[in-house]
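Two complexes follow with subunit A in common, the first pairing it with subunit B and the second with subunit C.
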Partner chain A sequence: MAETTYAPPADIDALRSRALIAGAAGLVACGIGFIVDRDHFFRSWLIAYLLFLGIALGSMGLLMIQHLSGGAWGVFRRIFEASSRTLPLLAILFLPIVLGMGTLYSWTHPEHVQADEVLQHKAVYLNTGFFLLRAFIYFAGWILIAWTMTRWSRRQDEGDMSVNLRLQYLSGGGIVFYAFAATFAGIDWVMSINPHWFSTLFGFIFIGGHGLAALSFTIVISAFLVRRAPMEQILKPGHFHDLGKLSLAFVMLWAYFNFSQYMLVYAANLVEEVPYFVARISHGWQFLAIFLVLFQFAVPFLLLLSRDLKRMPHRLVWVSLALLLVRYIDLFMLVSPEFASTGANLHMLEGEHASGFFVHWLDLAAPLAVGGLWLWMFLTQLAQRPLVAFADPYLREALQSSGGH
Partner chain B sequence: MAHDAPAVTLHGLMAEFDTPTALVHAAERARLEGYREMDAYSPIPVEELSEALGLRRTRLPRLVFAGGILGGLAGYGLEYWSQAIAYPLNIGGRPYHSWPHFIPVTFETTVLGAALAAFIGMWALNRLPQPYHPVFNVPAFARASVDRFFLCIEATDPKFDRHATWKFLESLHPVGVAEVAP
Partner chain C sequence: MAPSEHPHDQTTAAGERPWFRAAPPVLGPGHTFESVTEKISAIVMTRRTPVGWFLGFAIAFAFLMLLNVTIGHLLLTGIGIWGNNIPVGWAFDIINFVWWIGIGHAGTLISAILLLFRQQWRTSINRFAEAMTLFAVACAAMFPLLHTGRPWLAAYWLFPYPNTMNLWPQFRSPLIWDVFAVSTYFTVSLLFWYTGLVPDMATLRDRAKSRSAAVIFGVLSLGWRGSARHWQRYEMAYLLLAAISTPLVLSVHSVVSFDFAVSVLPGWHATIFPPYFVAGAIYSGFAMVMTLAVPLRKFYGLEDFITMRHIHNMTKVMLVTGMIVAYGYANEAFFAWYSANPYEQYMMANRMGGPYAVMYWSLIAINAVMIQLFWFRRVRDNVMLLFVLSLFVNVGMWLERFIIIVTSLHRDFLPSSWDMYAPTRWDFAMFTGTIGLFLSLFFLFIRFLPAIAMFEMRTLVEEETHELERPGMV
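Here is the complex of A and B:
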């Protein structure tokens, strides 16, 4: 078995070109949207972008946790690595958000800040220059971590065992950087859409979402790979069992963070915090709220309790695909109620405003564009290296045991 | 050999192995041979063993689930009864049935109910505590909690035959085979 090259299956290429076609079609649609309905384009792009950024960052987080914890789930390392190498593409796909800052964030307009004392106090942090500098720091850090991890992982493949310990040190520091950067990115890119609102749990909600999205995506890709050589020899029901259990944990974590935030706001009943939830439990948004409680918590929680389901990739994959869809709807719920159905940020409109539930056709086009391009990039990266990190010191254990448990 | 004098009834025959791999292998062979009433003893958890022995899935998960649901209902019921019926207090103008405040307690009692069901259920399903068990009649069994691995084929097995089973166990290259007095 040590002699095999673990070369990726050939039909990854077919999937790759399909992803690229889907991405191109989505881009054309988004281009039309940019011309005819610019406000909605920026909002939809931000939501779709956050989903795929979450998969990439969550995968990088799981990769670093894997290096730190060791153990038998190293069989998924290449998927995490390929996912984290999509970050340069994601840095490029961030540019429309920079272009759309004026639409997305009310604090970018000086005349708006002048009329609002709270925003004047927040201007030290919420100003265009510092926002861009922070975004640059996040991406520079994330890309540097992903790039270094890949470089050392290649050295490990070549037999240089001195990188093993260094990978662990980098992972330790990298996780701290990732958690801080992702927290601030959540504040900058999502929370500041409503610049008066704040929640200390928001960063955790953001990062927990990354973990859930990354795990779901890893299960989907693994379920695809397990039906083909070489992974059909390597991935065992126990490995899917492990990912399924982690998914269950992240589903509970999502519920825990979101409920904690809700309960604290409910208990404190403060005028700065309550509007966020009022906007989401009225004017039609309440149905989406109930949907999320049911389908991002109750139903997947009960399904993932089943041992048999977690051990059957062809069933587990449907739960994971559904979870990815629900992640998108959850991000939609984080962003959209802060916008009017015209696409304008509610906090930029004069007077009191409430938004009624709406969906725009760009909410389908944007995930197609970002998702297609991202998946193409991911598969390109996945196809470049052997599918198994054969030099990983824990790999023997990972292959022998049928899972980490 | 006294073939037709089963003077002493047996609990079973027990083979001793010195590696977990040998034990799993022996259990697999015994199952292929047609033995069903058997048990294995090991100082460390051996993951493949329950599959090799062909153990049925236990009812424990369902018990735990039921315990969790009962605990959750009891916790929520306690909150509801005390806050909305027995001693209603107006706190900041909120409704008496302020369900978000009830969830932490409900969560805790759910975990408590599930944990108690797991703990008590595990003892009950394993028929513990069991002050006497025949396997301890074999002196070598003292090492079952140190460094030896045992497979016991019980006399209640329809295929059990004192001589044939002994021969079969011998064929597995154990460290030793012993009769287990009842």
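Here is the complex of A and C:
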């Protein structure tokens, strides 16, 4: 053990520079988009941003669960940690959303609030100052948790085992903070795009999406690492099996939450709630809805039932990559039908409007920009620490994991 | 039993893992195959039935008789003996139904999901938790059946069967989904429980001293010989049953929540209801397992089998699910305001400050505030305290259902229709009667069947022994 440093493989650097180039290219494209089509830029940026924020936050959530439960997936701790350390970058990448508040959120315009009784009622909560303060609190909390976890994890590596319990305590409180902050972030950043709509289940849907994105991303990175030293010695089919099973659980959870929400809103048919779904099952969006049912539930569900698939990283990785793509499309579905194909927020237009299905070229550029930069940051962080949390108290159990029955 | 007797802690003493606060073992030290079997089967086969058992059974049986009297009176008189009346057309019958069904969920979670997650600590509590599930579902099913007033016609009202009048139940009503959800739940739980019992029945057959016991257990064990082929098929069947049961943990209480959420009543129509009900169900179910496990391990000296590990883990499950429930309360309150809907806002104001506010704040005090104690290891170590807290959780979850159901109904949309609800003595007689039924069945179960899975405990002996010899990996 003493000779092994668990240093990351050398070709991680090549990947890093490629990510940075992709990010820079995407950023240039987004810059052009910002100039020529500002409305679409903000919408696309928000969607892409939510995907990578979800990976980072979901990873932090899984990390905290791992500290609390001592799960046998401690071998993935460094990936979770590196992912959660991208949060400072994500705080910076949030700035375009702040800049675009006027485009994204109709409640930022006093004249809309004046004309709308519901918005007047909500103005105590939905106003620019409080929105920014809340965003600051979410990020401050999340970054503080990620930073403290990293600091204590480093001390654990140096042999200071007194941090083990403190990591558990922090995770306990951290998970409660994360759940509440993520719920309200979901309300602020996504739900309030349609300021009349509300669904009490939305927080769970938002958090469940984080979990699925984080697991899929972890599988993708692990499938890359398992073909290289040092992780080829460490990661066993059983570990992928565990992640695969968790992915399956989150796929089912996604279907369960979304079915519950859809069925209850559809059946009740209330004027405050149902327009949200009416917009998503008409004007071309219904095909995307069916696509999501098939590819965020039916197909991955059937595939992930296979034991062999879950144990073979080179195959599982394709399912996970597809799931990441579908996560992006799901977030697109969450946001885009609230906008006209011109990019304008429907809730700011005069009179009744419906959105027809559209995709904009910025919907490809924005994930390239955010994703490239984010991946670069992630890989930079991953390269900084040994790939195995060798001082983890549960590592012995984790390494012995021979996988399910 | 001091935790330091565990192999993990021995390495602690040697200084190898000084920072590792080891979990207590799942099986007390020093057990062999023989001692495990002997200790568990003795309760059924050889030990004298303790006086306490007779005393407890007598009390439970008295309440069971009260249930019989209540049902008799109900059938002769009609459901007018209950306190529900318009606008509260649904009260104790549905409150207790949801409460009992919820309690059953811990059994399914323990037997199915924890098995799939390879959580060994499930082993000693799964058998009686599954029994608890069956008895709880039986108690639950009584309420809607008796609420029909004429349960002998219930099949005609509840089940879709082809009849000459061409009358069908309303398939779009969640009540009919409930019929399917609950009957599936009962069937699968029964199969699971019985399948798990088969090898142990054979053990009891082989150890039986009297001819009659040998015959009874012989029949019940379905010709089990314990051959390798038997075991191989058995393991496969058990795993498949676990996989089938897993969706039931979510689906049953989700469907129960649909009973409310599909309606358009403020306080009922909330999309969060399915997961929030499921979490509440598991929370209350684990509280009931705790309520049953603490006296069981004490009176039968089973501390080696139901160890502090089980107590800790059950408390942690209660903490997690209780926190989800608390999240649900906060969520409901926030969205009542955020909805900008005056009816939603009134519903919440009425819960917090209306005539039933004491019950609302009691449930908050229990389910959101008191459970924070479970964060502390000193609380998790204190078995007696946990027993008391688990009783509180049972009460808190009952109050939650009362508040959800009664406060939304008694303030109808039109103030002229407002009314108060108060249960009658027959409501209480029926409720305590089902508790009597539940406990009577449970007393009979621990006396006549092995309350802990012997064959599964024997696999733990093997693993505990191997753990001692296992070389360090890191």
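As a working rule, the second predicted complex is superposed on the first by the 400 of 405 C-alpha atoms of A that agree within 3 Å, B and C clash if a C-alpha of one lies under 4 Å from a C-alpha of the other, contacts with A are read in each partner's own complex, and residues count from 1 in each chain.
Just so it is clear, a contact is a pair of C-beta atoms (placed from the backbone, for glycine too) under 8 Å apart; a residue touches a chain by one contact, two chains touch by 3 or more.
Note that the structure is a prediction, hence the values are computed from the model and not measured.
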Quick check on the superposition: with subunit A as the shared anchor, is it clash or fit for subunit B versus subunit C?
clash
First (subunit B), second (subunit C), both or neither touched by A:S282:
neither
Once the structures are superposed on A, label A:T128 by its partner contacts, choosing first (subunit B), second (subunit C), both or neither.
neither
A:R307 contacts which: subunit B (first), subunit C (second), both, neither?
first
Can A:L395 be said to touch subunit B (first), subunit C (second), both, or neither?
second
Just checking: does A:A267 make contact with subunit B only, subunit C only, both, or neither of them? Give me first, second, both or neither.
both
Partner chain(s) touched by A:F204 [first = subunit B, second = subunit C, both, neither]:
second
Counting residues of subunit A in contact, which comes out ahead: subunit B or subunit C?
C
Of the two partner chains, subunit B (first) and subunit C (second), which one does A:T148 touch, if any: first, second, both, or neither?
neither
After superposition on chain A, which segment of subunit C among 92-100, 200-208, 236-244 or 308-316 overlaps with subunit B?
236-244
Name the residues of subunit A shared by its contacts with subunit B and its contacts with subunit C.
263, 267, 405
List of subunit A residues in touch with subunit B within their complex:
259, 262-263, 266-267, 269, 305, 307, 401-402, 405
Using the touch definition up top, name the residues of subunit C that touch subunit A in the complex.
17-21, 23, 116, 118, 172, 239, 250, 254, 258, 261-264, 269-275, 323, 327, 330-332, 335, 338-341, 375, 472-474
The residues of subunit B that touch subunit A in their complex are 47, 61, 65, 92, 94, 98, 100-101, 103-104
What residues on subunit A touch subunit C, complex-wise?
1, 70, 117-118, 121-122, 125, 161-162, 164-165, 172, 176, 179-180, 183, 187, 198-204, 245, 256-257, 260-261, 263-265, 267-268, 270, 272, 390, 393, 395-396, 399-400, 404-405
